[in-house]
Each structure stands twice: as C-alpha cells, then as structure tokens.
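In the two complexes below, chain A is the common chain; its partner is chain B in one and chain C in the other.
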Partner chain A sequence: MSSYEARFQVWRGDAQGGGLADFAVEVHDGEVVLDIVHRIQATQAPDLAVRWNCKAGKCGSCSAEINGRPRLLCMTRMSVFDRTETITVTPLRAFPVVRDLVTDVGFNYTKAREIPAFVPPSGVAPGEYRMLQEDVDRSQEFRKCIECFLCQDTCHVVRDHEENKTAFAGPRFLMRVAELDMHPLDAAEEAGLDRRRTAQDEHGLGYCNITKCCTEVCPEGIRITDNALIPMKERVVDRTYDPLVWLGSKIRRRPS
Partner chain B sequence: MSVVDRQEWDVVVVGAGGAGLRAAIEARERGARTAVICKSLFGKAHTVMAEGGIAAAMANANEHDGWQVHFRDTLRGGKFLNQWRMAELHAQEAPERVWELETWGALFDRTADGRIAQRNFGGHEYPRLAHVGDRTGLELIRTLQQKIVSLQQEDHRETGDHESRLKVFQECTVTRILQDPPFPGGAGRVGGVFAYERESGRFFVLQAPSVVLATGGIGKSFKVTSNSWEYTGDGHALALLAGAPLLNMEFVQFHPTGMVWPPSVKGILVTESVRGDGGVLRNSEGRRFMFDYIPDVFREKYAPTEEEADRWYDDPDRNRRPPELLPRDEVARAINAEVKAGRGSPHGGVFLDVSTRMPAEVVRRRLPSMYHQFKELADVDITAEAMEVGPTCHYVMGGVAVDSDTAAARGVPGLFAAGEVAGGMHGSNRLGGNSLSDLLVFGRRAGRHAAAYAAGPSADRPAVDDVQVDAAAAEALRPFSAEAGEPAGGPPENPYTLHQELQQTMNDLVGIIRREAEMEQALERLAALRARARRAGVEGHRQFNPGWHLALDLRNMLLVSECVARAALERTESRGGHTREDHPAMDRAWRRINLLCWLADPAGDPAATDPERGRIALSRENTDPVRPDLLALFEKEELVKYLAEEELYE
Partner chain C sequence: MATGTEPPDTDPRPPGGGVRSPGRAAIAARHLRTDRWWLAPAVTAAGLLAFVAYSTWRAFANADYYAAPYVSPFYSPCLAENCRTMQGGPNADLFGSWWAISPAIIILIFPLGFRLTCYYYRKAYYRSFWASPPACAVAEPHRTYTGESRLPLILQNVHRYFFYAALLVAGVLTYDTVLSFRDEHHAWGHMGLGTVVFLVNIVLIWSYTLSCHSCRHIVGGRLRHFSRHPVRYRMWQFIGRMNAHHMLLAWASLVSVALADFYVYLLASGVLDDPRFF
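Right after this comes the complex of A and B.
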C-alpha cells in the first residue's frame, strides 16, 4: 500500500463570502475525494461543513465541484488525479452557499412540488396493475435518478442565469415530467392534464437547447437529453407547435 | 427563561426513511397535522441504500407462496425469538403495502405477464422479493417522497400552503423527547421534541402528543459497517432517556457480503441478490465452502451437493436450495471461519463469483449498481472476475420494545417506534427483504395509531415546561464550553478521535464472534470513553458544524453500545446475530427469554454520571407463548429443535 501527501484547496466560507483554504493531507490506496475531506475534518478542520450519507454513490448527497467539474465526492477516486496536482474542491456554483461545501438546494425541492404527481388509473385496484417490462424500461431509467442535482448545477440555463430559475425546472424535473408521461398507467390525460404541454408552458422545456451537459455529469449514466428531453420536445412539437402539422391538419379539414 | 421557538403539531415523526415517511403519510391521511424531522436532506435517508427487494408473499413467481409460508420463514430466520404477532402481521400485510406503492407511481420489475417480478433471497422458501434491479430502496424512498409531495400539493390547493398539514423539517436533529411530567418522576406522557437545525444551529421545540421514532439503526458504532453516518442510534437513545426499554439489543446482524478492498470502501454492501440470482461463494482453494456449514436445524431444507443446488434454479420444486442462500447469520459465520482457517482471499475475505455463473449482459442488467460499484471503486469487473467480500455490520434486530399491533413504545404514553429502531419483529436475525416490508407495514401502523392517540383526549394536551427545554439546550451546548473551560479531569477531547476509538472497541470486542472476557473489557473501555466524551469539545460556531453534531451523537452511540455489550454478555448462548465462542450452541431455555435494557440512573445527567458505573440496567422477561394455530404451521420435528419441552406440551 502506498501513501503520499496531496495538496488540496477547499473553499471555506458562508453567504457573506470566503475563499480557498490550503491543506496538505495524506492519501492512501483506493481512496476517494470524500475520504480526504473527512481526513481534513478529523485532523485539521473539525468544523469543515460537507454533506454526505451513503459513501457509495446511491444517495446523491455529496455533490460538489472538483477542479471546477460537478461530481460526487464519494465516487471520485484519487487515482484519477496526478499526484503532484493541487485538487480544488468548491461548492455547487448554481446554488447559494450555506457554509463551506454545503449549498442551499431548496430550488430543487420547490421545483419538485410544481410537477403534478402520478395520477392512478381509475377502476384499477391495488394488485391489479399490469405493465410489461418493455413498457416500464424507459421510466425506470429516469427513476434511477439519485437527486444529486449535478445536472441542475451544470445546466447553463440556470448556472449563469439566476433570472431563469423561476421559469425553468431544470433537467432533473423535466425528466420527471417525461417519466410520468411515459408511465404506462399514468392517467393524467383522463384527468385533464396534458403533461407535455405543461413541460413546455410551465416548466421551461423550451429553454433547453440540448447541449447534453446534464447527461455528461450524471453519475447514474442516465441519458437525460437523448431519452427524456429530446423525445418530449418532439412530442410537444407534434402536438402543438409544428407548423407543418398544423397546416396539414387545416388542409385535411377543408371541405371538398 | 426559555426563548426557544415552539410550534404545535399533532404527530411528530423523527426520521424520514421508509418507516418515517410511511408513518407520516398515514398520520396525515387520517387527519393529523404531521411534522417529519430528519438529519439529512429529504429523500436521502439510509433506506436508499437497500438493494435487493421487498419481501411480500404475493405469489407472483410461485403460486404456493402465502403469508403462512412467509411467517414460517421469518420465524426460522429469527430462530423463533421473534415477537410472533409482529411476524404474523408483517407477513399478512406486506403484499397490500407493496401494491399500494404502485398506486403512488412505483415501477417494479415485471414478470412476463405484467405483474410484479419476485426474486430469490436467503431464507425465503419461494422467490418473494419485489425489486427494481438492485436499487429497490431508492424506488421505495422516492415513491414515498413523491407521495408526500402529492399530499402537499393537495393541501396547497385547499389551504394555499404546501406545509399546512404535512411538513418536512430537513437537516434537523432531535436531541430529547419532552414529557409531561418530565421523566423520571411521573407517567412521562410525550409532549414533543427538542431539536436543532443543522444549518444554523438554532434550537426549536415541536410540541405534539404523539411522537413516532423512525430513526433506523446503530451501525456507526462499529468500524466496518454498511451504514451511513446517520446511524448513530438516536431513536434507541431517545427512547431510553424517556424511560422506555430496549429489547434484544445483543442481536446485531453482520451482513455476510461487504466489500473488503480497497480500505476506504471496506464495509460497503454487496447485495444478497448476487447470491439470490446465482452467485456462489468460494474460498482460496476454489471450494464452495457453504456446503460444509449447513446447520442441523436447516439440514432438510438445503442441497447437500453442488449438482442439486445448481438444478434448483430451474427446478425448485424437485431440488433443494443452495446453501449460499442460508440466512445471513449462518453465511457470515461461515465466511469468518474460512478466513480464520487461512482459506481467505488476499484481502481477508472470500470470493463471491457471478462471472462464471451467468453471461456478462445478464450481470449488468440484473446487478447494475454492483457492476458500477466494483468498477468505479475497486477496479473490478464483476462480469469477468470474482468479488472479494467479508462480513460487515448491517442491521440491529434489537430496538424499542413495542406493542405488536399499535407500535406503541412500552411505558411512555404517546411514544411510538417503527422500522429498524423498533425491536422484536426479526427475532435474533432478520431475513433479507424483510426490512423494507417491515418499514411499510409498521410505519403505517405507527402513523395510524399515533394519529388516533393524538386525536383522543385533545383538550388535554401535555404541557412542556421551560425547565426541560432549558436543560436540553444546555446539554446541546456543552461541547462549546468544553473547549473554553477545560472541565475537571483533563483537556478537551476530539470527537472524531473518540468516535474512532468507539468503533474500534465495538468491532474488536463485541463483533461477530463474542467472548466473555472481551465484552467485559469492552464495558470498561466504554466507561472510559463515556468519561472522555464529557470533554468532547468543538471549534467554531453553531452553523453547519459537523464536529459539534458528532459530539452530540456520541451520547447516543455510547448508550446504545453499552446496551449491546451488556446484553451480549448476559446471553450465554449463540443464536442468530449473537455468537458466543464460549457458548457456541443454541439453548432452548433461552428462546423464551427477552433481555430488556433500561436507563439505570434516570435522574442522572447522562454525561455527569459516575463514569465507572454503567448507564444501563438489564431485566429478563419471558415471551408470550406462540399461538397454537401459528405453531401448527411447523412440523413437530422442527419445533423440537427450538422449543423447550414444556412449551411443546403446553
């Protein structure tokens, strides 16, 4: 087992401001960045604030930016860095800082409340739900989401444009709309709710210009852009905005 | 005079994992204004780490399954120490609880005809676990979270406020249950909780006649564990400090398969689904050693040869199951013994192999997070090579002693407990898959009865006096003065160091195999740590300060660790999650005996008590005889192995 000393710069501060603090800290074989942050806590800065839980990439708590890139601290191995490199750890940039590496992610919980819930089909009793695996595959892919909010953090629509936050739900919650829209038994339509239209009109789907940044940072490897956002854009267009579709429907309706 | 902010609720749920959220949903649907308090962000609770599935006898995979079979398996797994009425309710109600999740939007893996697929697991006679790949816990927590949001949306439509009837206080920690009159000295009816916001360090009080504990387990007292930082035994300690007893605390489950390499991931869970889906355990000689460890009580149920075991996957009706699927306690002990005998893997575990058992694409589809976890964290491709695994502290069977039907804690009116923090359901050893179903069944029951209790004598709400609130505030602030004042006895202690020493102590001395002298030594070390923990000091201020949070959690971990050590020393037999090297056999006379842990000196300040004296007193009680119609589900020859003579003929 080989150990070495790494140089870290960790952002410390709060809503009033702060800056990068330097640490020299021991690293052992197989460790991840979260191990190093914990070692800094235990030996040098006991009040260093960081969120974490499972340390296995399953809960999505320890999101931060490592050398400027949004990542999970627990799934970033030290072996991906050069031993001489100084590693910089900063809080998620799109959200207000609370303290050190902890940010206020309340934006995401507000957006979650704005997405209408699953509508159970009427007349189908619990235990009577029948769905084929191939029909649930797509929604299941989106339900792999661990809500780390890295996609929300990296999305340029809000990353540098605070003013867009009210109108834009972000990739995670547009994907939630897609998940419900593709759920084989969701009865939103019967209840008078058009999920695709609300994606466009209320959750800001139109702001997305499919640069796929969200897909790139997703630690679960969900193809957010290709499988959730683009198909939903296509269907929105099919229904309401595509001028050719619109024209076609007019022409056909013309009395002969 | 206290200036702590107070709010009034009907039901307060402490913990937002599966049990807490299910309790909150039920309480709110029954009309109670309900507050949920959790240490992490909403949706991050430890339940997300559950992998394999939810056990429920829906009979989708095998028509012979039913609640009676599930009940029987649960009692066998728990070596008949289970609170049998809980096991009965659990087996009966689990299917409804799973189906209900579908009506809230859950998407389980499907059978060919569109029903919920069910997989094999250790100790379950038939394929019984509803699952989503190997991320079932995430599906459960997300579904409950989204159901809560949908209830809040309803409330918003009616009242204009999302949080008018159901509110989640996230990143807050409860440090005391408040009572009327304060414990000790009276009935100690629940009056609410004292808590602090992690973000700001601000104190607050939620007043409510009903409090549901749903705080999970205690694994963070052990060095090698699959549990997250939240598992510091908070609910266990809160119940003790309020005067409620804990039951069966000697039973701690070591999951047989945790990662062993690299060191930084040691203890992270490798799901039992790996074995349920066909994975096998081998030692360094390449031998499938589990065939050498089938205990007498399970001899008729498990295949004696590899040939029969391998046939079972395709023809379960005419072959017996492979011994890799024995209950977890058996497999964990076997791995421990192999490593001790010098037949372990290079890093002190054994080999768990799927690569030679199924095609790579099947592994990736059925075990996606295991594939990901080993690839990312250990550079191991599990489709091409074997995993190295070893036991890891995973679950505590012991917990708050509760009424089987209502989840009410014993002796403290208004206090309820559900999920891992509650004791009794799993006896001496929990079967895989029975935890997620436990959360749903008893979470719902706790929520229902907490709401009913709160609606009862509503005019007569318990009062919470300022003295208790001020005492709780002073207790929570002690770590800051430790730094400044240097109290008698020595310099301030680093809470991280104390925590590491506690984990080492429990791991080495009260771990998977236990010996009398070591447990005595553990109790001495715990006493010394308790004295030093009084001087746990912190730097900085109250805003999001992990050092301070840990200093406060130490009180709970030390209390709970003492419960485990004391009860383990007392029980002179081996059963389930309690293995004594000096008493290696299961003793039928012990089957009826429950050990209860109580706070020994309730009047004392937990930190100020004489460090040499213990904080925990034990008492014994005999369990109720199992109802005859439930006993009739077993063959007489099997019962003889568990029950004492007089029980058989009663």
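Right after this comes the complex of A and C.
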C-alpha cells in the first residue's frame, strides 16, 4: 500500500463569512475524498462540519463541490486526481451554508411538499394494485434518486438566480412530477389534477433550458433530462401547443 | 472568517446575485473548476459557426447546386421558377417567378428550424453562445433568467411542427438518393461516388430525424400504458436507443449534409469528375 501527502483547500465558515483553509493530509490507496475529510477532522480540524452517513453513495448526505464540481464526497476516488494538484472542497453553492461543508437544503423539502402526491385509483384497494413491468420501467428509473440534491445544486436556474427559487421546482422535483404523470395507476387526472399543466404553470418547467447539467452530476446515472424533463416538456406541448394531438385525443379509440 | 486572499470581484452582476447570494458560502470566484470546462462550448461554437458560414454562402450562392444526377440537399426540393431544370428531379414551381433570390432559402427554413429548436442543439447553443450556463457549476453572466417560460424562447415548443416538416424534407432527400442511382444521362442502374455520399447522408439524416425527442414522444412516450400498445412500445424502445446517440447523430448529419452539398458543388463547378462504379 502506498501513500502520499495531498494538499487540500476546504471551505470553512458560516453564513456570516468564511474562506478556504489549507490542509496537507496523508492519502492511502483506495481512499475517497470523504476519507480525507474525515482524516482532516480527526487530525487537524476536529470542529470541521461535514454531513455524511452511508459512505456507499446511497444516502445522498455527503454532497459537496470538489474542484468546483458537484459530487458525492464518498463516491469520489482520490485516484482520479493528480497527486500534485490542490483539491478544493466547498459546500454546495446553491444553498445557504450552515457551517463548513454543511448546507441548509430546506429549499428542496419545500419544493417536495408542493408536488401533489400519488392519487390512488378508485375501486382498487391498497394491496390490489397490479402493474406490468413495461408500464413502470420509466417511473422506476426515477425512483433510483437518492435525493443528494446535486442536480438541484448545479441547475443554473436557481444556482445563478436566487429569485427563481419561488417559481422553479428544480430537476429533482420536475422528475417527481414526470414519475407521477407516467405512473400507470396515478388517478390525478380523474381527480381534476392536471400534472402537465401544473408542471408548466406551478413548478416552472419552462425555466428549464435542458442544458443537461442535472444529468451530468447525477450519481445514480438517471437520465433526468432525456427521460424526465424533455418528456414532460413534450407532454406540456401535447396539452398546450399541439392542436393535432388535441384533435387526435378527441377521435382516439383507446385510452393511452 | 474571511481570509482576505480572495481574488478581486470582477463579476458585473450586483453583489449578492447567484452563487454570491447572502447566506451562501462566501466564495468570490464564479467557479472553482480546474478542468478545461471551456473546451466543449468553444469547440461547439466553432463547429456551429463553421456550418453557419458555409451554409449561408451556399444557400445564397444560387449556383453550382446541380450536377446530373445529383442535386444539393440545400436546394432540394427546389420550389421556385428560377431553379435549374432537373430531369425527374425535385422541381416544383410553387413559388413562381416573383421569387428572385436563391430557392434554397425557401426550403432551408424547415431543416434550419428543426435543428434550431432541437433539444440537443438548444443545449449546445445555450451553453456555447449564450453562456446560460457556459458549463455546469460555472456561473452564467446574466442578471436575470426566465428560460423558455416566456417569449421569445417559449417558441421552442414549436419543435414538433418542424419535426413534421423535417420528415417531408427527409422524404424528398430520400428521393434524391434514389435518383442518384442514375448516370449523367439519367439512365437508371448506375452508381458513382456521389451515390455513396448521398446514401451515407440520407441514412444519417433519417437517423437524426427519427432519434429526435419529439419523435420519441409521439411514437410512444406520450402513452401511460405501454402494455396496451405493444407495437408502439417496441418503436419507442427502438427510438429511445437511437435517442441516446442524438448528439452524435446531430453532428454526423450536419457534417454529412454539408459534405453532400460540397460534393455537388465540386462536380457542378467542374473541379471534380464523379468517379463512376458502374
């Protein structure tokens, strides 16, 4: 096993201010950035705040920015960096900082609450739901989301424009709308809830300019833009901008 | 806990905007990326500008677009009276004699609109020309942002109509490719290097057109129950696999259509003789 000394810059501070602090820290083979942050915590800065939990890329707690790129600390191997480079670790820059690497991601929970939940179909009791695999494949891809909020962090609509946070739900929650709109048993429409219209009018789908940063940073490899956001935009076009589809819906013989 | 070592603030936006909003981590730099994040938008911009320059020249040239049996894809179908006569070719004098400028302008609006509103190209030019954003986690320079939620960018939603038009144009280009199996005297059963160029081009044009996100949606994406529509489900899966390569197909077909036009230009201007295989 070989080891070397790496140079780190870790942002330290709180909502009142802060800056990058320098650390020289030992790195061993096979380690990830979170290991190094823990070593800094253990040996040099015991009060360094960092949020983490599973260390397996499944809890979504250790989201941060490494060399300016939103990533999970626990899934970023040290071997991807040149041994001579200085590695910068900062908190997520789209959200208010609490302390050091910990941010307040409450914005996301607010947005989560704004998405109307699954509407159970009438006449089918819980436990009696039956769905075919090909009907749920699309929604299941979105269920892989670990809610690390890296997509929310990197999305320039809110990252670069704080004022858009009220109007824009962000890719994670537009994906949630897509998941429900594609759900074979969701009875929102029968209940008078038009998810396509609310996606555009209430959750800000129109703000998305499909530049795919959410897809680039997703640690679960969910094709957020291609499989959720663009299909939702197309569904909005069906509803709002395409008279041919409207006409087809009036004369179709089978439900979709 | 400011260290006093932050670089000077050169951001034109008012203090407190974007990543420097109050409450966020106090980091003066617009980004901290150390990789060559600027390379992809720069190459994209260069590629698109090169195509725009070339296609503008060729579209307005109104010359050297027909060398029997080949017609440039920029001029097909040719819908004005001032088109060159092409025996059995894609001529239709729909616009009459009042159309005085290049007939390419009439038809190019459709493939141009299709590509301009294409989801891939939108990403490409939003990033490389409008820097919105220039790259992921690199702050954009704009003070405000409304995206595609209002005019003019809400018009991007017409992409579907350009897709319908692009299908028709691709159909005409397919016809042109069939015509390329003639010789210069319009006799059938021949093939030259131009036929191969046209074949490659039409395969790429169709691949790009059918891998479009709107096509994917129309074919099956709009369904809620794939199990009730097994044929459309299969088609949706097939187009989905193509759609994963939409960016590659967008560039490949852009290059191929320019090359097909350039090949016709070389033949029509007498620079090159078409090598005939049989």
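One rule holds in what follows: the second predicted complex is superposed on the first by the 241 of 256 C-alpha atoms of A that agree within 3 Å, B and C clash if a C-alpha of one lies under 4 Å from a C-alpha of the other, contacts with A are read in each partner's own complex, and residues count from 1 in each chain.
Assume a residue touches a chain if its C-beta (ideal position, glycine included) is under 8 Å from a C-beta of that chain, and two chains touch if they have at least 3 such contacts.
In this text, all values refer to a predicted model and were calculated from it rather than measured experimentally.
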Chain B versus chain C as contact partner of A:Asn67, first or second or both or neither: second
First (chain B), second (chain C), both or neither touched by A:Gly57: first
First (chain B), second (chain C), both or neither touched by A:Pro46: first
Chain B versus chain C as contact partner of A:Gly17, first or second or both or neither: second
Which of chain B and chain C A:Asp160 touches, first, second, both or neither: second
Which of chain B and chain C A:Leu132 touches, first, second, both or neither: both
Partner chain(s) touched by A:His203 [first = chain B, second = chain C, both, neither]: neither
On chain A, positions contacted by chain B and by chain C: 14, 132, 183
Sites on chain A touched by chain B in the complex: 1, 14, 28-32, 35, 41-43, 46-61, 75, 77, 98-100, 102, 105, 109, 112-113, 116-118, 120, 126-127, 129-133, 136, 139-140, 143-147, 180, 183, 186
Footprint of chain C on chain A - complex, ascending: 11-21, 65, 67-70, 85, 88, 90-91, 93-97, 103, 132, 134-135, 137, 153-154, 156-157, 159-164, 182-184, 204, 206-213, 216-217, 226, 230-231, 233-238, 240-242, 245, 254-256
Chain C to chain A touching residues, read off their complex: 1-6, 17-19, 21-27, 31-35, 119, 122-123, 126-127, 132-133, 136-140, 142, 144-150, 153-154, 157-160, 213-214, 216-217, 221-229, 233, 243-244
Interfacial residue positions of chain B with respect to chain A in the complex: 40-44, 46, 48-49, 58, 95-96, 99-100, 102-105, 107, 109-110, 113-115, 132-133, 135, 137-139, 142, 146-147, 149-150, 152-153, 156, 162, 199, 228-230, 261-265, 268-269, 369, 372-373, 376-378, 494-497, 500, 538-541, 543-548
